[in-house]
Amino acid sequence: MNEQLKYYPLEEIENYKVLGRTNEDRFPLALFWNNSGIEVNVDGSELWIDLEVGNDFFEPWVASELNGALMSRQMLLEGEHSICLFRSMIKGVKKNVKFYRELQALCDNLNCHVLVKGFRTDGNFLPVEKGRVNIEFLGDSITSGEGTYGAVGDAEWLPMYMSSSRNYANMIGHNLNADIRLVSSGGWGFYSGWDNDTRHTIPSVYEKVCGISTGPVNEALGSLNDYDFSSFETDAVVINLGTNDASAFDQPAFDVPGVGPKKLRRNEDGTLNEDDCDMLSSAVCDFLKVVRKNNPKAHIVWCYGMFGCELGLTISRGVSKYSMETNDRNVGYITLANTGENEYGSRFHPGLVVHEKAAAVLTDYLKQKLHI
Amino acid sequence: MNEQLKYYPLEEIENYKVLGRTNEDRFPLALFWNNSGIEVNVDGSELWIDLEVGNDFFEPWVASELNGALMSRQMLLEGEHSICLFRSMIKGVKKNVKFYRELQALCDNLNCHVLVKGFRTDGNFLPVEKGRVNIEFLGDSITSGEGTYGAVGDAEWLPMYMSSSRNYANMIGHNLNADIRLVSSGGWGFYSGWDNDTRHTIPSVYEKVCGISTGPVNEALGSLNDYDFSSFETDAVVINLGTNDASAFDQPAFDVPGVGPKKLRRNEDGTLNEDDCDMLSSAVCDFLKVVRKNNPKAHIVWCYGMFGCELGLTISRGVSKYSMETNDRNVGYITLANTGENEYGSRFHPGLVVHEKAAAVLTDYLKQKLHI
Amino acid sequence: MNEQLKYYPLEEIENYKVLGRTNEDRFPLALFWNNSGIEVNVDGSELWIDLEVGNDFFEPWVASELNGALMSRQMLLEGEHSICLFRSMIKGVKKNVKFYRELQALCDNLNCHVLVKGFRTDGNFLPVEKGRVNIEFLGDSITSGEGTYGAVGDAEWLPMYMSSSRNYANMIGHNLNADIRLVSSGGWGFYSGWDNDTRHTIPSVYEKVCGISTGPVNEALGSLNDYDFSSFETDAVVINLGTNDASAFDQPAFDVPGVGPKKLRRNEDGTLNEDDCDMLSSAVCDFLKVVRKNNPKAHIVWCYGMFGCELGLTISRGVSKYSMETNDRNVGYITLANTGENEYGSRFHPGLVVHEKAAAVLTDYLKQKLHI
Amino acid sequence: MNEQLKYYPLEEIENYKVLGRTNEDRFPLALFWNNSGIEVNVDGSELWIDLEVGNDFFEPWVASELNGALMSRQMLLEGEHSICLFRSMIKGVKKNVKFYRELQALCDNLNCHVLVKGFRTDGNFLPVEKGRVNIEFLGDSITSGEGTYGAVGDAEWLPMYMSSSRNYANMIGHNLNADIRLVSSGGWGFYSGWDNDTRHTIPSVYEKVCGISTGPVNEALGSLNDYDFSSFETDAVVINLGTNDASAFDQPAFDVPGVGPKKLRRNEDGTLNEDDCDMLSSAVCDFLKVVRKNNPKAHIVWCYGMFGCELGLTISRGVSKYSMETNDRNVGYITLANTGENEYGSRFHPGLVVHEKAAAVLTDYLKQKLHI
């Protein structure tokens, strides 16, 4: 045991960077979303992170990166944990460590949570440089990294199959040396969830810290607080939504409590119902207005196509509608390559290679738009 | 010399497929566009093609494929030529041969032409199967394959650097077993040429056989005839235009004869002038109406981004405007991966690998849209 | 807490597969080498593994695979641990789990150890199928996966930078559905260690369970016992040694205790001293005799070149010498692609892509030689 | 017609580089082997090459490169030809042109020939730089590029399916800026042809200009003259032989005129007969002695495996035998990746991608051995 280790509660540490949306002034620090975490530069020989964790049927997974390279990935269960992030390294040399949540935020009243209480080290906490740009990613299971771990054919809906360590948003963060924040939830859409449940939309929770996570545990952690957009002034917002809205056309009606049955419809010839598409285009337009309100300087790009592209025209119409109504030119629509036959990961979702291709295209696009 | 060879004037051959827009009932057959040519199935041991060729400063290049694989590529000069396409093969076995023009149609009054007069063989001309679908590609230098041959750094504007043998349209044709027709011209746009010359637009020539090629030689060949859209009923039209319209923003005004100076403008902060963008969006919309009129059943997709993507929003707005004004849902807008730093070919144009990537994405997209 | 979980000491479990060389009849089960571990098929909803772990300056890392896909990777420290490998899965369905050591065996008297005591589950242990073939890999830091984790530029010699999860041997195991065992140690050679210490050779420890790991802790675990080659009858032995023998030519003499100074020499013109090369060739030949004695039916292939190839001729001469002296034809020598300029991982070692390429070539080679 | 064009007989041109083995002091210049040709630097606007060509059942194919990039590929038939290699380029700028034979040398008494008589240009012939190193490649159908053109499934043995434009040797020449010479013949081996005809071996013709090509036409061109090794002092010799010797084990005996039946044998269990392998190893050794005698300074590397690897041990034993008998250390043996299931070209031969992979590995190997 390294007797020189000293415990530092987070509130006493001057230098660290919060990763992801949370209530930054509360201690311990709650990690709500995937890729939410904490980044430090430490010059000690050893570093531990102290956590408080809860779980139900679903448990959180976490990962750590050392100097930008993935080092560990593991399941966390109920309790207080002190996890060693590195040891036996040369003292006096700066090491950059990111510790973050792999598992997306979970909706409904669940106890699954990860709280960062502090660190133990024999060194100092050095300043952490800001990224070159700030990028927010809004998405669904793709942005939650579903399918990026696990065997092809594995089909159960479980936390271990999701990640931020292998997802395109994290890759773009590395490519651009960007700080990133993710707001994503598997099965959710911009107008409707995959099953026509119109309550499950990112727009409905966009202005909260983590509006997805309800119930006493999460609310006590401030999940439903208004999100302070000034805490992370974005240079770009990447919206990767539409996959589940498309699915809803092939699902039965959903009886939304207090609203009644909802259903996106196909025509008899199998094509998409025009009125429903118009409604979706308007939803795209409306959401962009909200995103712009909160991100005045950001380039906003809606990207689509990694996992089917049937709503391509509908979404691009919505983006154009927004642009024309508001005369906002700092917005774009791009398509990403679809998942090829041999490119699936677990859970019939886009595999690692699809994320790599999307990251390459978006990296190039953002470089040009952000002039970096 | 194979004494069994017999000459067949084209007008006496029952079975062959015309590749590309031309006047199919005229003999000899004029090859106006790149990828224009002729396809035959022959069971002889030997096959020759008889040509009449003209050239000026610029000369035509041609290529041949045997059973779908590129076999030869060569320059053609003034005169009558009889070119052997294969020999010493086993008689009685069907061989599929495509012979086509590598060089795009040239604008202005030029003498560069390729006419197919007939074939020589010791075998029979067997029926040529139709492709699974018909696709028309409308484009600029990218679709003319500029940069797909030649050394990186080679910069002169010459026919040999262009191709259809290595361009994305031909790759898609092979991938989908499609019949394809190309209408493309380097430097041309949908609203303006690269230099603000607004006469150089594909829409202005779209309804002619080869409206680009003027002057007595071409006109005598029927280049300015109305194109018979019923000769090639399209399942898809791929429009890959915008690169040159984007360039025009960085070029001085062009004094268009009879019209006056034309110029697409940037704002003082370097962004694109909004009025000009609106005009471009309207031009996109207007052109789509013309394309739809002539291609009633086709899925129309505008693709953009292989060589810069600054007009992405402008074009997608135009596509959406068209879709909303006409309530036409069988249209789309997709983006293609930009040319990476190490992906240039000759003439600072997208190299072979960029065409390969674009072909992969478009192949996947068209498979889905055409249900093939 | 799952109240149906029941603890099974390993000695009471009928069905499991031991991965790697160890004393299979001792409980708890010691994991000496990288990729040493245990494989089970379990039909419960949840599975935990119980471990006893020790560490010094260096600590062990472990990884787990679920149905053949990497799921977790983490550091283990001193103490008794119960680690959850999966939970909340559907009961009654078979899950395949491999749990194995990432860190190579460490030489010298160290306390670093991992012992498997048992499992906890609410299901049954089902039979584990044998792999299609058995393959033993003998190697150095490459086979220890050094450089397959960690940032390019990270240079400290630490356990976290080594792996079996990302190394070529594990990839081949997956490709061929083979059972594999690794015997490897960074810095060791077939005749000499990287620093001319001639005690650090795989041949010197080949016939022991884990002859590398000495001292009271390891010896108490049986590391120095004779290895029972009948416990894993090999179909192939892959020897990937020579990198460190080559390095020794550029290092000063090493004063081997009881032996005196040792040094592999270059000639004045920088070429390798011929006598020393002959000695190395003889060492290759001699080692192959020992390998053959213990692996009577195996195809033996010496592969070389992933990290420099200066000893290529010397080694292939040794292989040929062996083949000619013994008239053994079931042996081969192949070269693997060198590490390219942009292919390094951490510790200036071959990165992940180099392992992937080597795995592809060796997979193909072994398929042919083993007729699978 | 460019009236400034002037005809230069080759014997009056001071600056050009001969590509490939030939009688360099004879005019016109005979192109015997694939990749045999001529390289010039010309500053004119236009360049033509004048040829005299003959053919039988098989005809020669040729290709041209401009500034290192492939530009044309075509069939040549009987007669005198003047072929335009470029035109309409900027006068006064240096253009580098290589014109070379695609088709391998043909054995037996055939009339197929290509003679370079001179050039036509309106510019000057500038000095042609020597390559950084000189490399000779000795091989069989792989080195003749068989399968690098043509559709997968095309199976007739015809000139058009062979190339040097797409073969690994030419790629290495480009990668290393090397001058290269090829000596290769489909179906030939180092000890035996594919059909056990032991007259068809590269060693039997190695010391002649083009010992493969016999009969009055070729002999009049000097094909059977002793080759002047001083005309191309090699830095490396790459031997890629063995594929056909391996095939012979599966073919019936061949009755070699004046010698009697010859056959390489398998044992009853399908393995290779040991005595025959020893004979092959000795043949490798003997040939290396001849190669060394004529290439005193070259690094000699035998590479094997692109199209099956059954003789790997046999060949590496032969290389080692040579090295040990002669104490020659400047020799090596490396293996190349086998043709994968989806990597075949026409004629069931390694396709383009296999050549690309082999070129990458050999380029790296030669860089290291030649210190370039």
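Letters A, B, C and D mark the chains in the order given here, with residues in each chain numbered from 1 onward.
The rule we apply is simple: a residue touches a chain if its C-beta (ideal position, glycine included) is under 8 Å from a C-beta of that chain, and two chains touch if they have at least 3 such contacts.
What you are looking at is a predicted structure, and each value in this text was computed from that prediction instead of being measured.
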item: Neighbouring chains shared between chain A and chain B, ordered by label; value: none
item: Remotest chain, chain C as reference, centres from CA atoms; value: B
item: Geometric centre distance via CA averages, chain D-chain C, whole Å; value: 43
item: Distance between the centres, which are taken as Cα means, of chain C and chain B, whole angstrom; value: 57
item: Chain A-chain C separation of Cα centroids, rounded to whole Å; value: 37
item: Chain B: positions in contact with at least two other chains; value: none
item: Interchain contacts, given as pairs of chains that touch; value: A-B, A-C, B-D, C-D
item: Chain A partner contacts - residues on chain B that touch it in the complex; value: 271-272, 274, 277, 305, 309-310, 312-313, 316-317, 319-321, 323-324, 327, 329, 331-335, 337-338, 340, 360-361, 364-365, 368
item: Of chain C, residues touching chain A in the complex; value: 57-59, 66-75, 77, 84, 86-90, 149-151, 153-154, 156, 158, 160, 346
